[in-house]
Amino acid sequence: MSDTDKQVLLEVKGLTMDFGGLRAVDSIDLSVSEGEIAALIGPNGAGKTTFFNCVTGIYTPTAGDILLHPKGKPTRRVNGSKPNKVTTLGMARTFQNIRLFPDMTVLENVMIGRHCRTRTGLTGAILRGAAARKEEQEIVEFSYCLLEKVGLDEFANEYSKNLPYGAQRRLEIARAMATEPFLLLLDEPAAGMNPQETTDLDALICRIRDEEQIAILLIEHDMKLVMNISDKIHVMEYGKKIATGTPNEIKDNPKVIEAYLGEEAEA
Amino acid sequence: MEYFIELFLGGLTRGSIYALIALGYTMVYGIIQLINFAHGEIYMIGAFVAYIVCGVLTIYGFHGVSILIIAGLLAVVYSCAYGYTLEKVAYRPLRNAPRLSPLISAIGMSIFLQNYVLLAQTPDFLPFPALIPDFEFMEPIAHIIGSPELVILVTTLVTMIMLTLLIKYTKIGKAMRATQQDMSMARLVGINVDRVISTTFVIGSALAAIGGVLVASYIGQVNFYIGFLAGVKAFTAAVLGGIGSVPGAVLGGLVLGLTESFAAGYISSDYEDVFAFGLLVLILILRPAGILGRATKQKV
Amino acid sequence: MKNLKQSLAVSLWFIFLTFPLMVVKVNTSDKIVQWRWMNILWVGLAIFLLSFVWRHALARKEARQMAAQSGQDDLNKPTRIQAMLEDQKLRTRAMFALLIVALAFPWVFDTYQSTIMISALIYVVLGLGLNITVGLAGLLDLGYVAFFAVGAYSYALLNHHFGLGFWTVLPVGGILSCLFGVILGFPILRLRGDYLAIVTLGFGMIIKVVLENWSDFSFGPSGIANIDKPSLFGLKMDIAASTTYIYYIMIALVILTVIVTGRLKNSRIGRAWIALREDEIACVAMGIDMARTKLSAYALGAFWAGMVGVMFAAKTTFINPASFTFMESAIILSIVVLGGMGSILGVILGAMILILMPEYLRAFSEYRMIIFGAAMVLMMIFRPQGIISNVRQKYQFKGLKEKTENV
Amino acid sequence: MKGFNLLLAALVACVTLATPTLAADTIKLGVAGPHSGDLAPYGIPAMKAAQLVVKKINAKGGVLGKQVELLIQDDQCKPEIATNTATKLVTQGADVVLGHICSGATKAALGIYKDAKIPVMSPSATNPGLTQSGDYPNFYRTIASDDMQAKLAVDFAIDKLGAKKVAVLHDKGDYGKGFAEFAKKFVDESGKAEVVLFEGITPGAMDYSSIVQKIRRVKADILIFGGYHPEASKLVAQMKRKRMKTAFLSDDGVKDVSFIKVAGAAAEGAYMTGPRDLSTIPLNAAATAEFKAAYGEDPGAFFQEGYSAAMALLNAIEKAGSTDYAAVTKALQTQYVETPVGKIKFDGKGDAEGVGFSVYQVKGGQFAELK
Amino acid sequence: MLRLQNIQTYYGNIQALKDVTIDIEEGEIVTLIGANGAGKTTTLMSICGITPPRKGEIAFKGSRIHQLKPESIVQLGICQVPEGRRIFPGMTVLENLDMGAFLRKDKAAIKTDLDMVFDLFPILDQRRSQLGGTLSGGEQQMLAISRALMARPRLLLLDEPSLGLAPLIIQQIFEIIKKINEESGTTIFLVEQNANQALKLAHRGYVMENGRITLVDKASVLLENDAVKKAYLGL
């Protein structure tokens, strides 16, 4: 798979983020293309999540450019845009520490994702006219379909806080997908999952890419998962990008092994 | 110019009382992120206990400074006891509850304590004896600053210095700071966090009691309701200065006191409270965490 | 034995604690000290017994929490009442019966009862309004009474100066309040929960001070009298008739509020409010405009306060700033919290209990407020989710049904 | 369904419990005022006065041969509660009402009594509009109105004390601000003095040092304050602290023993207006003695006025021979009655003729009437 | 010295540790390695009483400690240097060290220990009155270790001391850990992601995957074991 025939969706140039004196992210260049599953890996504290937060508008980066190229729409620079703006443009995310809405049902969590794609206002909600009812029906159906896709349909009316851990992670993915993104950012989707769940997740992510045509950028520590599904892997250490390549290239890259296992990795 | 100085000193006096009470709010908030709404009531109880002690001692024939000292001490002791019990009863069972719960509990406690004093004592205003003597040497400038104001300023200053020393150098002070900065790390170095929280309530209550006794003997009256407005103002001061920050509370108290004094003096006292809260809104718009408050970045 | 000792210690501590205030009463001008020794006994005895109950209740609460955590007991397991509420048929029947009781009320009971009920209904609407801001959107508002004042004064002033009638001003009052909600909302959008609390509290006080001082506008503390009662085709009504009339208007207003807030709660906007309350960051990351959502929550909460403020002015026919104190805000907030944040039925029950109980417990009138305060504390400790906890709407699917049947 | 029935039963029980039992044939005297909360000290003495009067009259055989029944209702001085209270009294069939205590609550309640044609007599609501506006034909009071007080105060300040510069303060309350506004008006009208300061202070504020400094700065000869004693005592205490010689003149709300108790030495020399000294009236002495015998302490605020109002109302019914509204009204306006506040009857607007104010000064810890 | 037996720890209703059994002998350096999210930090927090295990037993020198409060566990001589240093940012270096000795009353000995710590990390001596929050990452790590040493621990728990540090500094820190173990005989339980470094330092090692212990052996053996590499890189 070469990059040339695929359109680039997200392009990050020289992204830098300082916290006080600490440079958490140091001039990172990175791009994600259509139909790609890209992984961002690196030891703990390398700045991966900070990178995500900058890209999705939760932090305003110190320097650099974040460019979104939605299909058929003009390119947008989203540095410092509000997170909801970024999501509306078509880039949705999940969180490292699951951030569901615990006191809402599973279905409602997904329905929240539909918010930015629907229009019913106050009057619509109060009067419940035909248009509003129709839209509401559509939201419910769309969300329910998504739940079926991630295999949570039978829990639709449960409170999300009562779901098992792995299911909560999948719910977060469904919720993000409800915003109809063209690019999905997943922050450690496999964390806390057991091996079976991880395998299922593996398949789910590939399905999302193939069936929904959504490109994916994920942060992950589970190397098996990363190596299995990624088209391209970016490795970060100390806020800098130290390697980019296919899983095989990364596997044998001494710099990467060193980053993970420690300096003298002669073993 | 003299008028300016008068207003300045008046504002300083008022502000230093606000600061004393605000410290209780800010220290508690700093550690457990709770607005202790009933703190104003602790201040009131301090003043009331002092009133009762003074009354009894006067009637049984004690005189002068001894009354002041005994009444002040007992006021502090009782306020501390109330503060301690308050935390145990109304807040500790809610340590892990959602944020709104302890706040509602605090509002409930505030209503409870007010009415408790009302029922146990009286709804009337009671005359608080002027415990602070008029000093001879103050007489020439008595029209600018009276002895009670001087005593309030000096006492506050001394209290603040003592508090600073306590926080800075004593074991418990350090434990309080450590708990505030990182509660679970504090437990990891062996600090009994529950005890630190209790101590914080006790110290805050002591400061409030000192404020209560000073104010009551300055204006010469007590009533079950005096805690409410004082509490709201002091809380405003704490937020103004940056809640959680000890120097912030002092600064906030002084800024608020001076603002009110100058606003009343140069503009009109009709809108005294409007100026106070207007200033608060203004500062929070410019600095959402208060003057000396640190903006905490939420971890994602 | 250990319990006994502990209770003894606690009661001794409370005897010490309450000694100066409960036992000693001094009259400094007549130089009399009154020693009320009997109170020691009462305090000691009461606390001794209470400490047993307290410990027992705390232990039970803890046991339940532990059980819930290890998955043995579901904390969210619906209580019997809640299960009853979810039974659709029962619910319709209950609602129907309730409606009949409500409609028949003024014919069964005397005018006074209706008046009291009107007051309670006013608080029901206030509670439901604040429920939007606090219960659904999670924005703590300690100055809610300000919006109530805006509504009341809009009617009083428009009626006084321009002779506008109740029905004209009813929506106007709501809309004006709404505007105030937005104006207040703007500067505090960036503030976190606790800062919000003090600023809204300040706002409530500012409104009162302005009403007191700006005499040319608001007639100051002496207030506005002789406000017209709601008219019915220009009919002249005596007290009983007009009370009944107002009662029915209030019932209608409550029904309207219940329907509207109920619909909002389960709409796109309502979901956004709840999401905002649950997790602000996740909420914006899902594409929800925080500023807009917060402002709409403020504005809509304020709207109901404004409407019912108009009603209040029309009912009392006289208003002055003394009716709009912090205490009112605290009571409305308590209604929401005690009833159950976010739950419409809970808020209605909360309002009924908090407002009607004191009316019917005149004998305890002196102890009313102290009981009120204690109830708030106890409720938070032992039943923080309120009388009726919020339940989210369930959706039915054909596919789902089949699957669950297979399981 | 069982649960629901239970709920219904509970609701019904709740309401029936509160429904008043129909009483036998009696004359019903309603008493409304604050009996709980922070303003209770202003309402309870009048209530106790009514109880004493009724007890005495009932012992003598009642009114028109019927026993008098008291209907006591708490309004907490809040307008919204006062309307409920008034409705309750009306539904309970009150023939006449003694109350309410606060002007705001009275205003809110009066409309209800007016429609029900019940005469109302307040021992304490001094707002001038209550009688002068003509809106409330069923209203009477045994206390003089605020404008009379203000007039007296201003005349005293200008003529007796020779004040040229007058500072006027109030507590932003209904009563205090009303008094202060009248005082300002009368000073302006007199042409002999000027108002150099007119402001409201916040009740319950920590101190009033700024405003006191301001009074000194404008070099006022006298401070006229409208409000109640807690603020007044703070003001005089702070003025004394600042070694100021400005005279202090206030209203009836300050003429309370609490003022002397709380302000102590600072109260010395302060002037205030208040109902004429009643100690020479034998009935007053008797009523006070009665109270002391019953409760073992001095009666509080508005006791005499409440006592008088109860007497006046019941006397009017006796004289009218029925509880008919028109007859009672006529009796109130034509028949003099001896009361603790003097021999009174009521004018067409509802103010008592024969009730007046005097200026008092605190001398040696006592209120001394200045003739 | 320390024995964890079949402990199970939950966060809410998520099980983080599944039947974890670990033994640590006096004077040893034992390391627990594993990928991120395997449950290493939870293990330490369970030992310290911050997240007590729901099932299983923890014994220190023969007496059970899993029901004790954190402060009592510290009193017994178990000290932790938590992940991410957790320096008190608003306190000076000296005060931070003082906090380490919070439970100690022997003033003179504290003074000697302070000197010992400054000997160990001379850079801290220079920064005595600087605020903890203003130190660099490496300095903070040194401070965190020193703070724990100030309690005179019998058992020192170290959670990812190499996290976010430059290789040269990691080297330095690991040398000092070794020195602490050798000179004062302090038992050390080291949780690390940096497996090679940790295994080279330790006597024995445990490998953790998904909340379970999957391998136990001498460190030198593990160092050669491909399973370790697999646990990390999924190779």
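Of note:
Going in written order, the chains are labelled A, B, C, D and E, and every chain counts its residues from 1.
Rule of thumb we're sticking to: contacts are C-beta pairs under 8 Å (C-beta built on N, C-alpha and C of every residue); 3 or more make two chains touch, one makes a residue touch a chain.
Keep in mind that what you see is a predicted model, and the values were worked out from it rather than measured.
Among the remaining chains, those touching subunit C as well as subunit E are A, B. Distance between Cα centroids is largest for the pairing of subunit D with E. By the count of C-beta pairs in contact, the leading chain pair is B-C. Core chain by CA centroid proximity to the global CA centroid: C. In this assembly, A is the chain whose CA centroid lies farthest from the centroid of subunit B. One simple way to say how far apart two chains are is to compare their mean CA positions; for subunit D and subunit E this gives 75 Å. Measuring from the averaged C-alpha position of subunit B to that of subunit E gives a distance of 42 Å.
Rounded to whole angstrom units, the spacing between the C-alpha centres of subunit A and subunit B is 49.
Subunit A and subunit E, compared by their mean Cα positions, are separated by 33 Å. Multi-chain contact residues, meaning those touching two or more other chains, occur in subunit C at positions 28-29, 209, 213, 281, 366, 369. The multi-chain contact residues of subunit B, meaning those touching 2 or more other chains, are 126-127, 228, 270, 272-273, 300.
Chain contacts: subunit D has residues 37, 172, 200, 202, 261 touching two or more partner chains. Residues 74, 76, 260, 263-264, 267-272, 274-275, 278-279, 281-290, 296, 300, 390, 392-395, 397, 399-400, 403-404, 407 of subunit C are the ones that touch subunit A when the two sit in their complex. Here subunit A touches subunit E in the complex through residues 22, 43-46, 164-165, 188, 191-192, 194-195, 221-227, 238, 251, 257, 260-265, 267, going by the rule given at the top. Note for the complex: subunit E touches subunit B at residues 48, 50, 69-71, 74-75, 79-80, 82, 86, 88-91, 95, 98-100, 102-103, 147, 151. Taken together, the subunit C residues at the contact with subunit D in this complex read 28-29, 80-81, 84, 90, 93-94, 97, 101, 108-113, 115-116, 119, 209, 212-213, 215, 220-223, 225-226, 238-239, 243, 312, 315-320, 322-323, 356, 359-360, 362, 365-366, 368-369. Residue ranges on subunit C touching subunit B, taken from their complex, read 13-14, 16-18, 20-22, 24-29, 31-33, 58, 61, 134, 140, 187-188, 190-195, 197-199, 201-203, 205-206, 209-210, 213, 281, 326, 330, 333-334, 337, 341, 366-367, 369-370, 372-377, 379-381, 384.
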